[in-house]
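Down below are the structures I want you to see.
Each of the two complexes below includes subunit A, the first together with subunit B, the second together with subunit C.
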Partner chain A sequence: MSALKRYWRVALGMVVIAALIIAPMYLNRYGLFILSQWAVMTIAATGLNLTLGYAGQVSLAQGAFVGIGAYAAAIMTANGMPLIAGLGVAIVLCFAIGWILGYPALRVQHHYLAFVTLAFSTLAFLVFRNESWLTNGIYGISNIPRPTILGYPTNRPLPFYYVCLGSLALVSLATWWLIRSPWGRAFVALRENPVRALSLGIDTRRYTLMAFAIGSALGGVAGTLYAPLTQYIDPVPFNLSLSLDLLMMVIVGGSGFFFGPFLGAMIAVLLPEWLRFTQGYYLMIYAVAVILLLIYSPTGILGILDRYLTERRTKAASALRAVAKSGLEPAP
Partner chain B sequence: MSNLLDLLIAGLATGAIYAIVAVGFTLLWQTSQTINFAQGEFVMLPAFLMLAAMHAGAPFWLAIIFGMLLSMLLLGLGFKMLLVDPMLRHGVLPLAIATMALAIGLKEAVKQFFSAEASPFPSIVPAGDISILGRQVALQSVGVLALAIAAVVGLTALLNRTSIGHQMQATAQNPVVARIIGIPVERMILLTFLINAFLVALASLLITPIYLAKFSSGEVLGQAAFIAAIVGGFNQVRGAIAGGLLIGVVDNLAAAYVSTQYRAAVPMVLLILIILLRPQGLLGRAEERTV
Partner chain C sequence: MTAVLEISNIKKNFGGITAVDGVSFDVQEGEILGLIGPNGCGKSTLFNCILGQLQPSGGEVKVDGKVVTGFRPSDLNRLGVSRTFQLLQVFPKLSVRENLILAGQEHQGNMLSRLLGPSDAGLTKAAEQMIDFFKLGHLADEPAGGLSYGQQKLLDAAMAFMGGPRLVLLDEPAGGVNLTMLGDLKARLAEINREKRATFVVIEHNMEFVMSLCSRVVVMAEGKVLAIGTPAEIRANSAVIDAYLGH
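Moving on, here comes the complex of A and B:
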């Protein structure tokens, strides 16, 4: 049974991947932009899912890290350096800042931590807006070039979509490997019971900082893709509401589930687009939908699926037990 | 020096409004572990309810009463029954996220059904200056300060001097024991939601004449109230009051003496320092860790 289930799962995965590769060829410019945006936001939300979903540390600063990555990429490429250099700088910078931001997490938990990261997010926005010598302030940076990969320019929307999708695939593989490594297990131990984790000899201090740093670095990766995607950045998209949106994506999709951010980002990026026919009402409907979903299932969309599967498994198990029992009973 | 006095009075006036909002915020946290990310939008909405009543032809005083009652119905009773009650048992985070979504919904609803532009709002304090210690001070600041102080004093008296207040405090401190000794815990929790709704409506009435009625005005206010609540102490009403006044004054002084560009950064830095050095807040008690 298990082999069959595995078979179906692999088949479903392949169909989704094939659809993500083939379907965009028939999309227009705007559709490609939205889909690329989905890939970029999924990367950022995956990072936050590591910090929040696996290591259990609330962060309201992921949007700021996307901003840091975007500015690093924009400033570097505008000065003639390749995007890959911007990516390197963004990762190192976000990793370091994320590490430092993790220090409050060692002292305070939960809502206090949320507010420290919220304050950081606002401070980062102020720096983007006010340090004009570096970021060009409210006028923003325009004409951000798209990269040339292996001699192949990605200026047109479709090739750049594949750059975003490829990056998402790489990030997903790395994350998949990470959460199955001893590190990922340590993150979960940290979330479930920090005291027990400590008593088992896990260096909770280092892993807390690491969870923040790696999650933030992925935010930076998303930012380096965001800048060439929009080709123009100013401080506004990186204000607090981006951090709140990313947090909502993780929770709505299902925090602590690997595919949670994929679904959450889909809802946050695509659902408003589908609802555009309702004109002014689309964000209202979106808000109501999120609230209703959370009331119905506080663990997000994948939480519903998980609950359903667990129920079925329990039912199957009790059915098996019943069969076994009835098989035993006739024997005197 | 004279400039400093003006700044202090203006700062205390806005600070007193922050304090009112922050007190409501801490009340919700204490009695029902609700971190209300829509608190700023809760302040924004009643002004529009009052404006709507006035557009329908009601005089200002009637519009105020209408706005207050409707906000207690929607933001007090409705918020508790439709959002908090079904979500509370699932923990703090999903509920906090749901209030974020609620904030988006409220903003969009006002933008769609009312206006995306800022609307002027009448002041309940008459314009003009009065003379205090031989100096001209805007009547508006003094009036706002006086009303806010009256509200805070009234609330503190309610909490500390009356039987209902004691029952509410008992509910906040230990709901299980409170229930055992016969306090109607459910009713007390509902009461805190109604008080919060009243406080945000009052804050709306006081602050909207200064900043105009706009759908997005809740963002700044909500953040200021959060910071006030944390700086003062998340689990103490008097802490929230002190925090509100402090943030109001610091914000005004920062605008004058630091730089207008980075004025918003000063309260944030204060917040980070307080959380790192004294996480329970200036006046708060240390919360017991649940491990």
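Moving on, here comes the complex of A and C:
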């Protein structure tokens, strides 16, 4: 049975990947922009999912790391350096700052940690806005070039979408590897029971800092793609509301589920487009929908699916036990 | 015989309350030492002081002759000191097998090898052996949260042994476990003690469990050591009978 389920899963994955590659060829410029934005936000949300969903550390600063990545890419490429150099700087910078931001998490948790990270988010926004010598302040940085990859210019929307999609694929593979490694298990242990984890030799301090650093670095990766995607950045998109949006993506999709951010980012990016006809009421409808979802399933959309599958497995198992008890042959 | 654990004059104050008041004793290699006493007499606090969960207000802890007072629990664990908790402490969302792999993974390699190496850290076989040893075979792939209380207790104990510890401190391993499983648990502990020469300190209220498993028993009352001796000596000690065992 589980082998069959595995086939279905692989088949579903193939269909989704094929659709993500083929369908955009028939999309217009705006559709491609939205889809690229989805890929970029999924990367940032995947990073937050690592910090929050797996390791259980609340962060309201992921938007700031997207900003740091975006400014690193924008400043460097606008000065003639290749995007890959911007990517390297963004990763190193966000990893280091994320590591430092992790220190408060060693002392405070939950709401208190949220406040500390919120303060950092505000600080980053002020730096983007006020340090004009570096960021050009409220005027922002324009004419951010898109990269040339293996001699291929990606100026047009479709090639650049493939850059975003390819980056998402690489990030997903790396994250998948990470959460299946002993590190991933240690992150979950950190979330579920730090005291017990410590008594099993798990250096919770180091893993907490790592969870912050890696999650933040992925925010930086997203930022490096965001800058050439919009080709113009100013401080506004990286204020606190981006951090809150990313938090919503993780929670709505399903915090601690690998595909949660994919789903959450899709809803957060596409829903405004679908609800456009409601005009001013869009945010209200979105808010009500999210509240209802979280009342029904605090573990997000994938949490509903997970609950359903667990229930079915439990039922099947108890049916098998009953059959075993009664001495009947189970149906073939 | 050499002492695996030596504690001398351990004290712990919480504000004005003295929970542990100058406790000293040694645990010899291969020994199973019982630690008994009425509720609130400081047994668990003493455990937490030995294991670095709490910083003792005074005194010294030595493991294999090395002073480890104030070491972090994770460092102590990697030195071969393991524990179980009074209240259940398994990772409910991870499967039984993953709980065991997690319990052993930090005892080998380094951070890098744990990131780039195999997902199971090469511990699947050791975990399977532990699962067989504790008779949890049919539950290996179940999430630990779905196990019965007694099964989780067994898993909890099994996790403490994954790193191949020299010294294990067990805090009420028999609490809430039914009689059949209790017999199992006792047999497992005795076997590990015999074959791996592992040393145990056991806090327990179940007198039969303590008296039949332990070679020596320490009795605590009001934060102090009341008596130390073989089970027979303890049973005959009038101070212990007055304070704890009853007539």
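Basically, the second predicted complex is superposed on the first by the 327 of 332 C-alpha atoms of A that agree within 3 Å, B and C clash if a C-alpha of one lies under 4 Å from a C-alpha of the other, contacts with A are read in each partner's own complex, and residues count from 1 in each chain.
One rule holds in what follows: a contact is a pair of C-beta atoms (placed from the backbone, for glycine too) under 8 Å apart; a residue touches a chain by one contact, two chains touch by 3 or more.
As the structure is a prediction and not an experimental result, all values here were calculated from the model.
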**Request:** With the two complexes overlaid on their shared chain, look at subunit A and say whether subunit B and subunit C clash or fit.
**Result:** fit
**Request:** Return first, second, both or neither, reflecting whether A:81 touches subunit B, subunit C, both chains, or no partner chain.
**Result:** neither
**Message:** Quick check on the superposed pair: does A:130 touch subunit B, subunit C, both, or neither? Answer first, second, both or neither.
**Reply:** first
**Prompt:** Touching A:112 in the superposition: subunit B (first), subunit C (second), both, neither?
**Reply:** first
**Asked** After superposition on the shared chain, which partner residues are touched by A:186: those of subunit B (first), subunit C (second), both, or neither?
**Response** second
**Complete:** Across subunit A, the partner (subunit B or subunit C) reaching more residues is B
**Message:** Output check: A:149 vs subunit B and subunit C. Expected answer is one of first, second, both, neither. What do you get?
**Reply:** neither
**Request:** May I ask you to decide whether A:195 touches subunit B, subunit C, both, or neither, giving the answer as first, second, both or neither?
**Result:** both
**Message:** Per the contact definition in the header, classify A:305: touching subunit B only (first), subunit C only (second), both, or neither.
**Reply:** neither
**Request:** Could you look at A:27 and tell me whether it touches subunit B, subunit C, both or neither (first, second, both, neither)?
**Result:** neither
**Fill in**
With chain A overlaid, the minimum CA to CA distance between subunit B and subunit C in angstrom is 11
**Message:** Just to be sure I follow: which residues of subunit A are touched by subunit B in one complex and then by subunit C in the other one?
**Reply:** 193, 195
**Asked** How about subunit A: which of its residues touch subunit C in the complex?
**Response** 178, 180-183, 185-186, 188-189, 192-193, 195-196, 198-204, 206, 314
**Complete:** Listed in rising order, the residues of subunit A that touch subunit B in the complex are 58, 104, 107-112, 114-116, 118-120, 122-123, 126, 129-130, 193-195, 240, 244, 247-248, 251-252, 280-281, 283-284, 286-288, 290-291, 294-295, 298-299
**Prompt:** Quick one: in the complex, what on subunit C touches subunit A?
**Reply:** 51, 53, 72-74, 77-78, 82-83, 85, 89-94, 98, 101-103, 105-107, 111, 114-117, 119, 121, 146, 159, 162-163
**Fill in**
Listed in rising order, subunit B residues that touch subunit A in their complex are 35, 37, 83, 86-87, 90-94, 96-98, 100-102, 104-105, 108-109, 111-112, 219, 223, 226-227, 230, 234, 261-262, 264-265, 268-269, 271-272, 275-276, 279, 289, 291
